[in-house]
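Each of the next two complexes has subunit A plus one other chain: subunit B in the first, subunit C in the second.
Here is the complex of A and B:
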């Protein structure tokens, strides 16, 4: 195999798959990137068997062929090469030669025969979806994905299309870590298909990679679909395949409280700054900040026996019974960071029940946070 | 580090003295305190009994053979922890730098208190008088420039002693002192040193460091310093600052057991005790250790597993302990069982979002509250019920402290 490629193009192609390749070295081939030169394009593929990505780039191919090379090393090399055309040639015994101007590298790769099978995607199975819709919904939910790997059914985003009585279709994404839950909602057009009608769990790693794809260019659409227990996302000349999490997502509707009738509306900026200030005193040991809500407003405070205490008041309208509730400041800040309205509504029942945060006058997003013990 | 003045206070025959001082019938008579339960091993004996040759660790029948008039008292650990706590509080009147070493021993760094109390002897005499007055028991106090020598000094005169090792006395004292007298040199180290021809601290101090490090590794340097009577370890006052690394309980069983359901019952009880203490101090852990000692007294094993998440509910600890038990083939009946939770971190009292998990948390909390108010095991697992009264014998661990997470509620 021999091809010539522009340095910047090659660098970008390798950068894109750095998040996909396996960091642990249990299977060395998974740390490698597969480079396949066909008539007029270079195909760059990486997979960790859970999430895979394949992209095509223009290249001048002299001899078609394929090889796999350590993805991280190759990226480091290409990054430091001069800004000229790179000539990439395979040699005997899976060695490769990389030439660029007066620089030459010889590095050893692994046989492409060992590289895992990567499914060919049938485009007719995919449907269009707005990139910005996905981006926004992932942002509003992904922070609540559970990182505890034993709770594998929570290690992803539950994604489902629900049809309302009026026949409208809503795309819903839900994440929870057992302490908080986040639901994003958007309008879905097209045919949901069996997978989305039933609901699927997209894996955490795939979600983060998908987020990167939606971050690259704003606007536009991408293609989305399912095949062999995997979700497929295609944008331009790249597509990504992620294996769906095989598990039952908890019934999130039961977690969302319906009788939270102590409601306050508060300016998002003001509240964010206040929580951030109060959180300065929190630590691994003392995470909570206290909200005391009464007719005179809301008093936010935190105290840490090792450091001291802090308090601040914000005026809000509230005419119910006074009460106090304590939260992990991080959970509040995560929700506040992704809310895009000026004000939020907080709905409480009591200090030991889940509380709701929603953007004011919008049903695109709903967060449920479980308080801490007082 | 400048010149320091350290006191080591050692309560004489502590458990026996407490018993004698609270019961006039026992005063001046040979008594021995045993752990609870049916197993009868002497934990402490009074000086009157020691005169007959009664020693800690003897079986009751053995002790009775030495001293037929011996009075056996079943220990009341609660009384001892209370008395110990009160005595430790007295020490704080002289310096904040008090390190509780075990239930009957403590170090005090009085270097900076001498301007208030003149001499260390004065502090020692005041303390001895107050302890005697309040509890009717005696202690031996050692005064020296460091902890190693202070402990040595307190051992020199028992009971009711006061021994001072001044800086200028150190080399004379160490010269002929057998190495085994030093705190930290056990039988094994002593044997190895003897093989090297080292019997006294003087010889140990003169031994080239390379020879010692060649044999003992990094501990060699420390051994040489010990031989020279040097020790710059500070007196560490105990508060919660002292990072607790594990929460554990063990019990010697009343009789050796080998039936699985019996073992499980004790494991559940231990798990509840461990879980209860972890919850009281708001810690969770993810390493669970099972410790088993067999009936022959000599063979034992400890096995641990690290879980993916942090736990402190009794049933989760129990589950992990049972998994460990099932991963080994028991060779003999079991004499002692222990469960420990480690790799601790502070939990944030965050309540779970899902209702079934929340119910479990609330139920546990309710159970803990009842047990805090009406006594441990008032509300407990059904399978623990047939043996409510008292299971096993509870020995106060050397890690016991008068306050904080190490303060075990003893039975």
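Here is the complex of A and C:
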């Protein structure tokens, strides 16, 4: 195999797959990137068996062929090469020669035969989806994804299309770690297909990679679809395939309380700053902050036996029974950070039941947080 | 109608009982020496040949038996130690089942000679495989001599399972060490194949430990003495320097009886957590006394296990007693060099030295025994005894000679009384304490100080628990379910909310905040398992401690960090106020001492 490629193009292609290759893996080939040269294009493929990405770039191909090379080292090398055309040649025994101007590298690769199979994507199964919608919904939910590997069914985003009575279709994304829950909703156009109607769990790593793709370009659309237990995302000449989490997502509708009738509305900025201030004294591992809600407003307080205590009052209108509730400050801040309205509504039942936070006058987002008990 | 069920003849029942009690020669020694101790003997001689396989002879100077008693003693369930049913609840003797003698007699060629002091002649009984062959009068001193020859001669299966003579002799030696430590007021002699492996005189516990464990180990022993709620704990425990890799040097006795009990061992190891590394075991000799009605020793014929009526009370009392000593880190201040040599030795010590000298001159040069027993052959060993128990546990005891203000009312602690020399490599603090150079790992020291402070704060505040959105169902076993029900309130106190969900399923609806990010169900299982066996739980505490240790480790000076003298002085002062100051929370030592003598050796000045 031999091809010539522009340095910047090659660098960008390698940069894109750095997040996918495994740094620590029991299969050495998974830390490699596969380079495949066909008639006039270079295909760059990386996978960790859970998430895979394949992109095509223009290149001047002298002899077609394929090879795998350590993804991280190749990226480091290309990054430091002079800004000229790179000549990439394979030698016997999977050796690779990289020439750029007067620079020459000889590095050892691995046989492409052992590289995991990357499924061929059938374009007709894909449907269009707005990039910005996807981006917003991932932002609003991904913070609540569980990081405990043993709860594998929570290690992802539950994604589903629900049809309302009026015939409108809503795309829903749900994440939870067992302590809090986050639901984002958006309008869905097109044909949902059996997978989305039933609901699928997209893996955490795939979600983060998908977010990177949506970050790159504002506006525009993505192609989205499913095949063989995987979700496929296509944008331009890049494909990403992520294996769906094989598990049952818990029945989240059951834990979203419906009878929370103690409602307060509060300015998001004011509340965020207050919680941040109070969280200074609450120690992340042991202590939460306390909200005491009465007719005169909210009193937010925290205490730390080592440092002292802090208190702040915020005026809100509330005319129900006074009560107090404790939260992990981190959980509140995570929700506040992704809310995009000026005010939020908090709905409580009592000090032990799940509490709801929603943006004011919007049903695009809903968060449920379990309080703490002393 | 045929009869299928027979009542077994006594020779067979005795053999069956022997299977439970007598496993190997060491078990014979244990049973017979315990009998001797129960007979108020204060000199006991044990002799074995070929690891006890060929011959075991036990000679004591106890009160002996009359001819009638001697014959009766060979009957099964014949004992002088209990009489009525109620005696079983208050057993103060080592034996009581009346099984040992007939059992041993049934599987060996057995010879019992005994004389009461009131009787001018003794009785000798010869038994072979459980049958009395001969009963005759004999002349002998007061006491009892039991000779067991050809153990297991009529039970070939057992005989096959015996190990080599050396191994069996080793087991006998271990048994003798346990017995010797249990009764320092009794003299023991142990002879193996004509070689005297142990000769210990009547003395106190500390001296006995020195003889049994070797003097290196014995210099690092610290006195424990506490008593609470009817449970008293006495004995000696070692500092972190003298640790072993097995539990072999953990001698625990309950009401004078050697036991190997999980509860006791757990309590000891809990007390030592953070003081010694994981996987290391301290040397302890602990005598735990509990009211006889509070324990049941009638669990197993060999009586290695006991049952407590109130497990958690014993566990906590023991752990508390040990922690009380360990928190002061007495090994810092107590060193052999600082103790006056035993020049003004008592008559006892004098006699001992004479005996030892005589021994040394009489006996041939001998191989060092496998267990550390024969200090009597070491004439110099006398001078290096550890300090007397009265002095053992006191902090800051021997006043450092350089201390400027002798009239100071409040004595300085070990660390703050040291003279600061400076810092080495900005990582270690060098100090002088009398004739010693003390090197302190500043990271480990400040880590321990911070950890202890965090722990105090944590103990003072309540545990916050995070409620779960999706309560987890936990499938338990029958016993775990019962435990969960019984300890529901205790679990709630440490932040777990468990509710029964029918059958053996419980619902976990809240977990303590510190465990919120890990698998709560696993921790619940661990805690329940501990509650079931020990009646108390430390799994949660352990988790908390691990976390605190990590926080402490990251919150203090790490690596190279220059400190000026005032900072060093402050650190040393806070170390004196800190419990368990001698090791960091992970069990690594905080300080290392180089004595003047060691330095002089390096520079070849001696």
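Rule of thumb we're sticking to: the second predicted complex is superposed on the first by the 370 of 374 C-alpha atoms of A that agree within 3 Å, B and C clash if a C-alpha of one lies under 4 Å from a C-alpha of the other, contacts with A are read in each partner's own complex, and residues count from 1 in each chain.
In the analysis below, contacts are C-beta pairs under 8 Å (C-beta built on N, C-alpha and C of every residue); 3 or more make two chains touch, one makes a residue touch a chain.
This is a predicted model, so every value here is computed, not measured.
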item: Combined model on subunit A where subunit B meets subunit C, clash or fit; value: clash
item: Touched partner set for A:250, first subunit B, second subunit C, both or neither; value: both
item: Contacts of A:27 with subunit B and subunit C, given as first, second, both or neither; value: neither
item: Touching partner for A:178 - first (subunit B), second (subunit C), both, neither; value: both
item: Touched partner set for A:368, first subunit B, second subunit C, both or neither; value: both
item: Which superposed partner A:147 touches (first subunit B, second subunit C, both, neither); value: second
item: First (subunit B), second (subunit C), both or neither touched by A:49; value: neither
item: Location of subunit C clashes with subunit B - one stretch out of 291-299, 345-353 or 561-569; value: 291-299
item: Intersection of subunit A interface sets (partners subunit B, subunit C); value: 148, 150-151, 176, 178-181, 250, 255, 285-288, 328, 352, 354, 368, 370-373
item: Footprint of subunit B on subunit A - complex, ascending; value: 148-151, 176, 178-181, 250, 254-255, 284-288, 328, 352, 354, 368, 370-373
item: Subunit A-touching residues of subunit B, taken from the complex the two chains share; value: 307-309, 345-346, 348-355, 357-358, 362
item: Subunit C contact footprint on subunit A (complex, rising order); value: 147-148, 150-151, 176, 178-181, 250, 255, 285-288, 305-306, 326, 328, 352, 354, 368, 370-374
item: Footprint of subunit A on subunit C - complex, ascending; value: 453-454, 457-458, 460-462, 464-470, 472, 497, 510, 513-514, 516-519, 547, 551
